[in-house]
Structures are given as structure tokens and as C-alpha cells.
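First chain A sits with chain B, and in the next complex the same chain sits with chain C.
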Partner chain A sequence: MPTYVHMTRCDGCGECVDICPSDIMHIDKTIRRAYNIEPSMCWECYSCVKACPHHAIDVRGYADFTPLGSSVRVHRDEEKGVIAWRIIFRNGTKDWELLAPITTKPWGVGIPDLNTVAAPSDEMRNSHLLYNEPKYIRMDEGGLHDLKTNKLVMREGVYY
Partner chain B sequence: MAYKTIIEDNIDVLVAGAGLGGTGAAFEARYWGKDKKIVIAEKANIDRSGAVAQGLYAINCYMGTRFGENNPEDHVRYARMDLMGMVREDLLFDMARHVDSAVHQFEEWGMPIMKDPKNGNYLREGRWQIMIHGESYKPMVAEAAKKSADKVFNRICVTHLLMDESTDNRVAGAVGFNVRTGNYHVFKSKTVIVGAGGASNIYKPRSVGEGAGRVWYAPWSSGSAYGLMIEAGAKMTQMENKIVLCRFKDGYGPVGAYFLHLKTYTQNAEGEEYESKWFPSLSKDIVGKEYLDTEGQHLSHKPIPTCLRNHAFINEVNAGRGPIYMVTTEAFQDPHLEEIGWHNFLGMTVGQAVLWAATDVDPKYENPELTTSEPYVMGSHATGCGAWCSGPEDISPDEYFWGYNRMTTVQGLFGCGDAVGGTPHAFSSGSFTEGRLAAKAAIQYIADGKADGIKVTDVQIDKRREDVYKPMETYRMYRNHITAGTVNPYYINPRQGLDRLQKMMDEYCGGVTVSYMTNANLLNIGLKKMGLLAEDWENGIAAEDIHELLRAWELKHRILTSESVMQHTLFRDETRWPGYYYRGDKMKLDDKNWHVLTVSHRNPETGEYTMEKAPLYHLIDEADMKPAKKKKVAAKK
Partner chain C sequence: MFTTNPFAQLNAESPDIFTPGLMQIYIILMVLFVIGGTLFDVWHKKSAKYFAKQAEDAKKHAKREVSGSDKSSALVSTVTSEILTSSEFSNQKRRLSHLMTMYGFIMFVATTAIMIFAYPQTIETPVLALLWHLGALSLCVGGYWFWFAIRVDVAAEGKPWYVIAPRADMFILSLLAMATFALLWSLSGGYGLFFVLFIAATTFLFTTVIWSKFAHMFFKPAAAYDKKLKAADGSNEGLPGEFDLSSAEIHEKFPDIPTYMGENPPNMGPGIRREAAKHY
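And now, the complex of A and B:
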């Protein structure tokens, strides 16, 4: 379901152009508003719909298999950490709202900056461990799994 | 042309493509390389790029070792059976032993992971899957990568890798262009980690017109992982292992949560269970009991390989008893499950929700149709196409190890996610983990002095600049030969080229219109036609503007990928994955000759292919040591 842009809501800010993963939201040079330049490369990912500050972008299902008349709209709020959806069926029998969390923490604060983390020791460097391992893998004092700890061998041949 | 040349020099780690794999690589590289210069080149905007741009409702690879749920080798055995034996078990074990630490970090970063109210553990969807509210999965991992990287270049379409001119077969960076400004970008780097994507849209899609964008894998996954590495001369493996997905019809909404969590099930148009009736003949005539023993598999917890379930689906439909339905009307009477069913789509495939709303299909009262998709070529979901990479020192046998984890056969060129071959079932968390592994190894490669003395002259940089803009030059040269329109005797545009590629792959390499059937004759004709398409691309692809230039280079990467797929499909002289594709001239699985991995090399100078078999090593424990004895015990029961 490719996107389209409401003429009266778009102010040509370009947020959709900036975010579209498929590079298909462009600004029309004459009317200076956004539009979908290549609907057949639209994945209906809603990245632009979520990013638009004016809710100016909507989706109309792919013409080759989707009848007209339904609506799936969304509001994503990073500050509140939620995303809200509203789905309306073509025949109106179903009209409901669904809410989901998008984060459990204030946006971004839980993500570490590894520039500020102590450098790994030589012992760590010479091991097969990654950052925060092994403590982020297991609760006990054990290390990383390998062939010896798990009593395994690599063998050529037909095994199932 | 007036485009500037912008050179970014002295890079230590260049991440080409920052989806889940690339963000993992950039994030981790900072930990091991405190003083290193880490740069990301991303085709779109890192906040919403790659296959997870839209979000995910599940993390499909999580061991739960912390909770005593699975060990890494359990996952290896699962992936082995699902892929009919054909996996790199060293790489898989390595990914599986690390993947939990990635997931635990995601939770710390703010990822809402659902919990099982009974025991407080992560809520399991299936044995390997956990459920999340992952709408913001991508912006979250992007944030982590941005904090680690020195610079992020968004909107750079990487077209080629740069090669060292002092030492053969060693990488030296990459080049590309900015899809907004049109400027030419040169990244000189000691190592490159390719995190670019697998290939959607190389097969004619079932949908037409606008719906061509409603592919299962993202339409921006242009096979660049393979295009870049194949052209640089990296060896590839298992490129024949394309995947066909069983999905909700047209919208391609995922079925995993429906099968595993909501306990919905499939039936044919008559309301009958249909799978099991196709299994005896499939087992007897094509794959053998070792791969399809429904009773034995149930006892040993081995899965029924996904391709074999597809086989039953395809045959049932072709026998005239379609459509196949997903029975949702039972599960959806529970309002909680009904809500999960819808959230599942809103979190990762909104288009399916739109389609049901538009067609008034309420799965509470009506069972939705399923379909099998056109084939895809990728290496992180349930299939393992990609580069032939070194494994880790403590796991890999000699044939699988050449110094650095996840390094391809080109020195200094690493991969993760779709780029690495033989590692299916990595999914998002496993791809992120592979990126981390590649990053650690790349930093070690630099520390060992392996990247010393790299030389890149202006000759190479200027040559590539000329290559990059050639499609625009072609357009400029021949546009005014015609009055108007898109029909020109001297060139084709990228869309026309893509249409030709899709038709060719569909008809000669087992697409939907031939029910996934091919044979050596068809493949040889296909390869000939592919050669002509490649020639037409070189001499006659035209780009009217920078956006079309992007599509032209995506097409180039798709063509390189597709040629490799055809070569591999021709080489593997058997039907290994019925339900993914059939070699009609060799309709039997042949373990005597083909219990091996396929490895290809394309000569970067001549374009010639050489194919070889690589030994297949399995991870074996004591119980597997004496298979004959085990069989007898099973027979007694």
C-alpha cells in the first residue's frame, strides 16, 4: 500500500524525504510538497507516516489487490514511549484502537557510549568473549561455551 | 559532471550497510578499538534502514541459556535439520553461544520484551523465539551504533569495494555516491565489514504494478551484500539455497507468531489437514527417511524442514484443493490472542493489517488465505546464502579457518548478517551478534599488522568515479536520439532492466510461474541470457537522475547476485530443498555426492566462474557417534 500525501496538510518540511528507506519520498519542485515518486518500490513500512509532524501522509492499499475505503493510521510518540494505531475496516464493522510500548526507558538513556567504557584487558582480547560477556550470557560463574565444555567434536560426514 | 569527490581517509573499520548486522559491528568495534576510526556508510537513513526498518514483533534467535532453556548446539541441530543438513556449524555455534548477550543488552537499552507471567522469563513464542514490542528496534540499535562511530554517512549508495594495489586480494575501502547531492564518496579503510542486504525483487513477484513493492523482504534489499563481495572476488557459498516463504496472501504478513503462539493451523479448501498425506511419497521418492521421519522427528525434537512443508502446500494447491487457509477463527475468540494477532502485523508488516481492513477480513470470523511467495536470496532468515567466511579459531576445522572470524576470502573484508553464508536462523539478534564478532576480528586484524602498507592510487579512484556515473552519461548521450518516452534503441532504464531480470529468474531458475521448477537445460539458457543482460547493463543502462542512478546500481548488484544463484543452482546436481526449488532433471536428494557445501569464485578480471565442493562438518556429541546402533534401538521401540 503505497503512501500518498494530503495536499492541505503537507508543508514540505522534508522529514519523510529524510527517513524513507527506499528513497521514494521526494519534494515536488512545483508545488513544494512531498509525494511518493515510485509506488512500486514502497514497502508500506510506515517510516514516513510515523515521521511526518503533520500527519500529512497516509496509505492507500496497492491498487492491484486492495479495495478502496479502509484506513490504518498511526501516531508514534517517543516522549511517551508508545505507538497508537487506529484500524477502520472498509465496511465500518471494525473500528478499533491499539496501543503498544516502543521503549521501557526515556528515549535513548539506556544505550551506553562505548567511548566511555574501560578498554578490554589483554586477557579479554585474547579470549573469544565480546563486550559484557560472559556475564550477559549466564547467571553462574561459567565462561563461554566451546567444543570442550559442551563435549562436542566437529566431524566430516553425513549426520542428520 | 560537477559532482564533487569527497575522500574520507585513514579509516580503520568501514561498515558498509548498517542494518542489524552493521549496527552491531559499529557498536562493538568501539569497545575493541578505542582509538580506531570507525565510519558507517548507509544507503538510507540509519534510523530506519535495512530489513528491520519497520520493526519486529519477535526476536527469533534467543537461546535462553541463562534460564537453562537451550545450549548453542541445540540451535545448530535445529538449523541443520531445517536446511537439510547444509549449514556452517562452526559459524552457527559461534553465533548461538553469543546471541543471548545481544538480547540482554537490547533489554537494557529499553527494548520492551514480553515476560512470561508464570516464571518471569522472556515470553516464548516458540523454542527459539521471544516476543517483543519492537516497533523501535531499528532506531534503538542505530542509536548504539551512532554513539560508537566517528562518522555516519547516510544516503551513500556504496557501489564498489576498493582494492589494495600493493598486495593482491586485499580490501582497501569502498566508493559510492550520495543519493541526495550526487557527490562521489571515497572511503579509504584498512578493513571493511559488509552489512549490506540480501536480495528481494530478483524474481518476478506474484503481485503486479504497484504491488511489486509488497515483497516479503524489503524492496531496498538489493543484493548489495553479494554484489559488492562477488565483484571484489570473494568466494560465495550456498547461493542456490533460495527461500520461498509461506505467508498470508498478498500482504505477506508473517505466520510465525500465528503458528507458534496463537496455535492457529492450516487446512485446505475442504477443511482438511493436508500436509501429512504428501509426506510419505516425499520421504520415499525425494529426500529419504533421514530427513523426513515424522514420528522419529517428533521424538527427537527435530523439526520438519520448512521446505518440505512448503512442498506439501504447493502440491496440495496444484492438485486443485486450494486455497490453503490459516484457521484463526478458533484462537481469535480469545480477545487477548486476537489483539496479539493484530499487533503482530502492526509491529512488522503493517500492510497485512491494511489489506485485511480493506477487504473486511476479520480473522475472528473468517479464515485468511495463505500463499507461497516468490523466491528470495538472503542469509539471515531461514536460509544461508552468502560469502564463504572463516570461523572462530576454537571451533572451526582447518578448511573453515583462515585467521579471522567472519573474514571472507578477501583479506580485510568481513561480513555479517545476510553477507555471511551458511548461517541461517540468525535473524535480527544473530545478525547483530555476527556484526559484533566481525568487528572484534577486524580490530585484531589491524593490530596484527595485516593492513599495513595499503596503497590506493588516484587511477583506481578515478576509474571508479567514471564507472559510477556512466549510467547518467549514457542517458545524456542518447536521450535526444528519441523524441520522448522510454523506448530507446541505445539504452534501457533500471526498471526495464529489473523487469527483464525478474522474468529471466522466474522462468529459468525456478520462480512461481513454473512452480519452482528448473533443470540444467533451463539454467544454461538462463545463464546465457543473464550474460546478455549484464552486457546491456555495462553498455546501455541509463539513469535520468540521481534517483535512477541508485536504481541502476541496485540492479547491477541484483544481476551479480542472480548470476551467482544460477551458477550454484546448476552446480548442485540434485534436489536438496524440495519446496524451495526443484531440479527436474535430478529429482532426488543425493547425499552420496552432494552432502557438501557449494563454493564459487568469480574471477574479477574475466567474470569467469569456478565452482567447488567444500567438506561439510557437523557438530557431533557422544550420542551421534554410533548412528547405526542408535537406529536399532529406535527400531525396537
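And now, the complex of A and C:
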């Protein structure tokens, strides 16, 4: 369900307007607070929720990851390089905190200076891996993994 | 000129009209307007009811009891950061302008009250009168800086400075008018046009508390204190708490942290806050 802004917390700084990939977070011209101008165009990417320095924006989570009516709030800590979530069920039976890294090195230092790097070889160009893909999500350590190397068999039909 | 008590001067010029009693009654009336306006605002917007309900909800999700020392440290930090140094502003220009306006206003109002109540007939009050003028000047510098360059209509929307949003701007404009006309009245002497405008602006400022932003000096610190208490009891408005990334407890609970970030992660810097929001 789309984002909504708590008017008492918003100070109209414009971080959500800057970051919204759908360009639907705007600053109201009269009251100088952010609001979602087109809720039906919001795809709940949570960019604005994470970017808001005052935690003024909320999204009601879909029932695919938490029961309806629960509180799902997030705090993105730039300086620590982590993102923390807290989920509280409507009936209070669950109060759950999650924490995950969002960067492994200080912001900005990992941006490659493409002028100084050698051009990619043909092999790199033809590879399915992205340029500079972090090592820990690479799948080609010791060769590419596929169904055969992982001793898996493709079965017919939909299965989970 | 800057050492003369303008109110005693006024009294000396026309002792029959501007008696100390009249001026004192005016001050008391203005104080009553501020108290009445703020209370009416609280009742009308049902904000007390709203925050009481919020507090009740927060209690359900509290993880620990808030002790007396927690409360006093929240109070001290509210006073030192939010009230005295306006730390909630992330825009440093805005913060400086707010500090100048705020301290200017406090100095101006306090010295006015002292001069009218304690020295209504002493024309030479060097320190008080100087502080009164400095207060008005600081209010003008901070306020006009805000009005012409910092406020969002001008800084972000590119509107010319003379476009006014009546209700949103009534506080800052009457505040500026009060300080400006006070200085002009003091410089020109007598009770001519500038004095009339000064009294009109002051009366407008203090009687429109119900509609203007004036009451923020009460509800902003209250909201900051409330937020700190909610952080202290762990309910934190449903937000996750603070994590110490180098503690063994966190490493055990969230193994991704030491795996990808190391045992003692460095400060990663301001991230997206390296660049101020400016694309709206």
C-alpha cells in the first residue's frame, strides 16, 4: 500500500522528493510538507521511507511478509552503514528487530575511476557478471554454477 | 541613544497618557494572549488528546521502565540541544538564523518587561537599553536573512521575496515588523508613525498566537522531550533502536554484520546526506 506522510513529523526538507524513483513525492505549496501526489503510482520501493531523516513517511506493509495492520518501520543509518527494521504485530505478540549491512566500506570510496581502469577484455564483455560485482555475490568461484554442477534436476511444473 | 530606556522616555514625554501602569497592563495583556492562544490552540486542534493517546499506545510497546534519571537526562538534553542550540536544524544557515532570531527575541522581550516593570521612569538604563537594541538588531539580522534568502519559497521555489503566504508568514512578518519599528521608533524618538506601527505589530504578533506559528516555542520542546522519553523506554515510536555494531551480542544476533563489515566497522560517512536535497 502506498506511502503516506505524518504531517507532524515532516519538516519539508525534500529528501523524499529527490529520491522518489516515481517522482510522486512532492512538497505541498501551501503547508510546505511532503505528500504522495499519486498513491496509485507508488510501488512501495521504500526509498523515501529510508531517506526521510525524520521518519515521517510510513508504508503499510502487504500481507506477504507481515500480517496486515502491523507496524513496519525502518531506520537507515548512513554513518554505521546498516539498515534496521522493526516489525510490531497489531496484537503485540511479536516485536521483531532486524539489522543488515548496506555497505562494507565508506560511502564513495568504491566508485571506480573508469578513466584509469583498463578496458574490459572480450571475455569480460561476454560474461554475464556485472562490472566490479562484489566478490561475495559472485557465482563463478571455481567455475560457473549451474544445475549440473549443483547436482540438481529441472522438474516440470511450478514448484517452490 | 542606545542607552536610553525608550519606555521611560515615552513616559517623560507624555506622562498623562503613557503611564507606567498602562504599559504594565499592556504587557500583562500580551502575556495573557499568548497563554490563552496557546491553550485554545491545544484544545482546538485536540493535540493534547492526540499526544495522550500516543503515549498510551507507546506504553504497550515499552521494553523498559523509564527511571527518574532517564527523565531528567532527557530534559537536560532537550534544554541543551533543542532549546538552547536549535540542534534539530540540519541546515546550518537556518540554525544560525534561528538562533539569532530566538535570542534576539528573548533579549528584546525580557529587557522590555524589565524596563517597564522595574525602571518605568528611569531614562538612563545603559545595560538594559543596550540589550534591548541589540536584541531587536539580532532579531532583524536573523529574521531578514531568513526572509530574503533562506526560507524555502525563495531558496527552493525561486519565488521573489515579496510574495507572501498570509497565514504561514504572519508570525515571521509581525516579528520582523515589531523589531524593525522598535529600532526605527527608538532612533527617531517621540511617538509618531513608527511608534504606532511598533505597537500595531506587537499587538498583532501576540494576539494571533491561535493562527500563527508563535506557539512552536512551547510545543517543539515538548515534542522533543516526548520523543526522547519514547526512545528511553524502548517503544521509540515503532522504530528500531540503536545498535552497537562492535558488541559481541549484536555479532551473535546478526552474524551478517561481522561477516561483511568486520568486527569493528568504521564510520561510513554521511552517505546520501553528502549532497543536500535540491532537486525539487
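FYI, the second predicted complex is superposed on the first by the 108 of 160 C-alpha atoms of A that agree within 3 Å, B and C clash if a C-alpha of one lies under 4 Å from a C-alpha of the other, contacts with A are read in each partner's own complex, and residues count from 1 in each chain.
Heads up, the rule we're going with is that contacts are C-beta pairs under 8 Å (C-beta built on N, C-alpha and C of every residue); 3 or more make two chains touch, one makes a residue touch a chain.
Nothing here was measured: the structure is a model prediction, and the numbers come from that model.
By the document's definition of touching, neither partner reaches A:Met7: not chain B, not chain C.
In the superposition on chain A, contact of A:His75 is made with chain C only, not with chain B.
Once the two complexes are overlaid on the shared chain, A:Val117 sits against chain B while remaining clear of chain C. Within the superposed three-chain model, A:Trp85 lies in touch with chain B and with chain C [touch as defined at top].
Using the contact criterion defined above for the overlaid structures, shared-chain residue A:Glu15 touches chain C, although it does not reach chain B. Contacts of A:Asp64 after superposition: chain B is touched, whereas chain C is not reached.
Contact with chain C, but none with chain B, is seen for A:His55 once the two complexes are overlaid on the shared chain. Residues 18-19, 26, 51, 71, 74, 78, 85, 88, 98, 100-101, 103-105, 107-108, 136 of chain A lie in contact with chain B in one complex and with chain C in the other.
Residues 27-28, 30-32, 34, 44-45, 47-50, 53-54, 65-66, 71-73, 80-81, 85, 89-90, 93-94, 97-98, 100-101, 104-105, 107-112, 133, 135-136, 140, 143-144, 147-148, 155, 179, 207-215, 218-220, 250, 290-291, 302, 339, 342-343, 346-347, 350-351, 353-355, 357-360, 362, 392-397, 433, 436-437, 440, 444, 547, 550, 591, 595, 615-622, 624, 627 of chain B are the ones that touch chain A when the two sit in their complex. If you check the complex, the residues on chain A that touch chain B are 1-2, 18-23, 26, 37-47, 51, 59, 61-72, 74, 76, 78, 83, 85, 87-91, 93-94, 98, 100-105, 107-115, 117, 119-120, 125, 128, 130-134, 136-139, 144-147, 150-160. Within the complex, the chain A residues that touch chain C are 8, 12-15, 17-19, 26-27, 29-32, 51, 53, 55, 71, 73-75, 78-82, 84-86, 88, 92, 95, 97-101, 103-108, 136. Taken in their complex, chain C has these residues touching chain A: 60-61, 63, 90, 152, 156-157, 165, 168, 223, 236-241, 243, 245, 250, 253-254, 256-257, 260-261, 265-274, 277-280.
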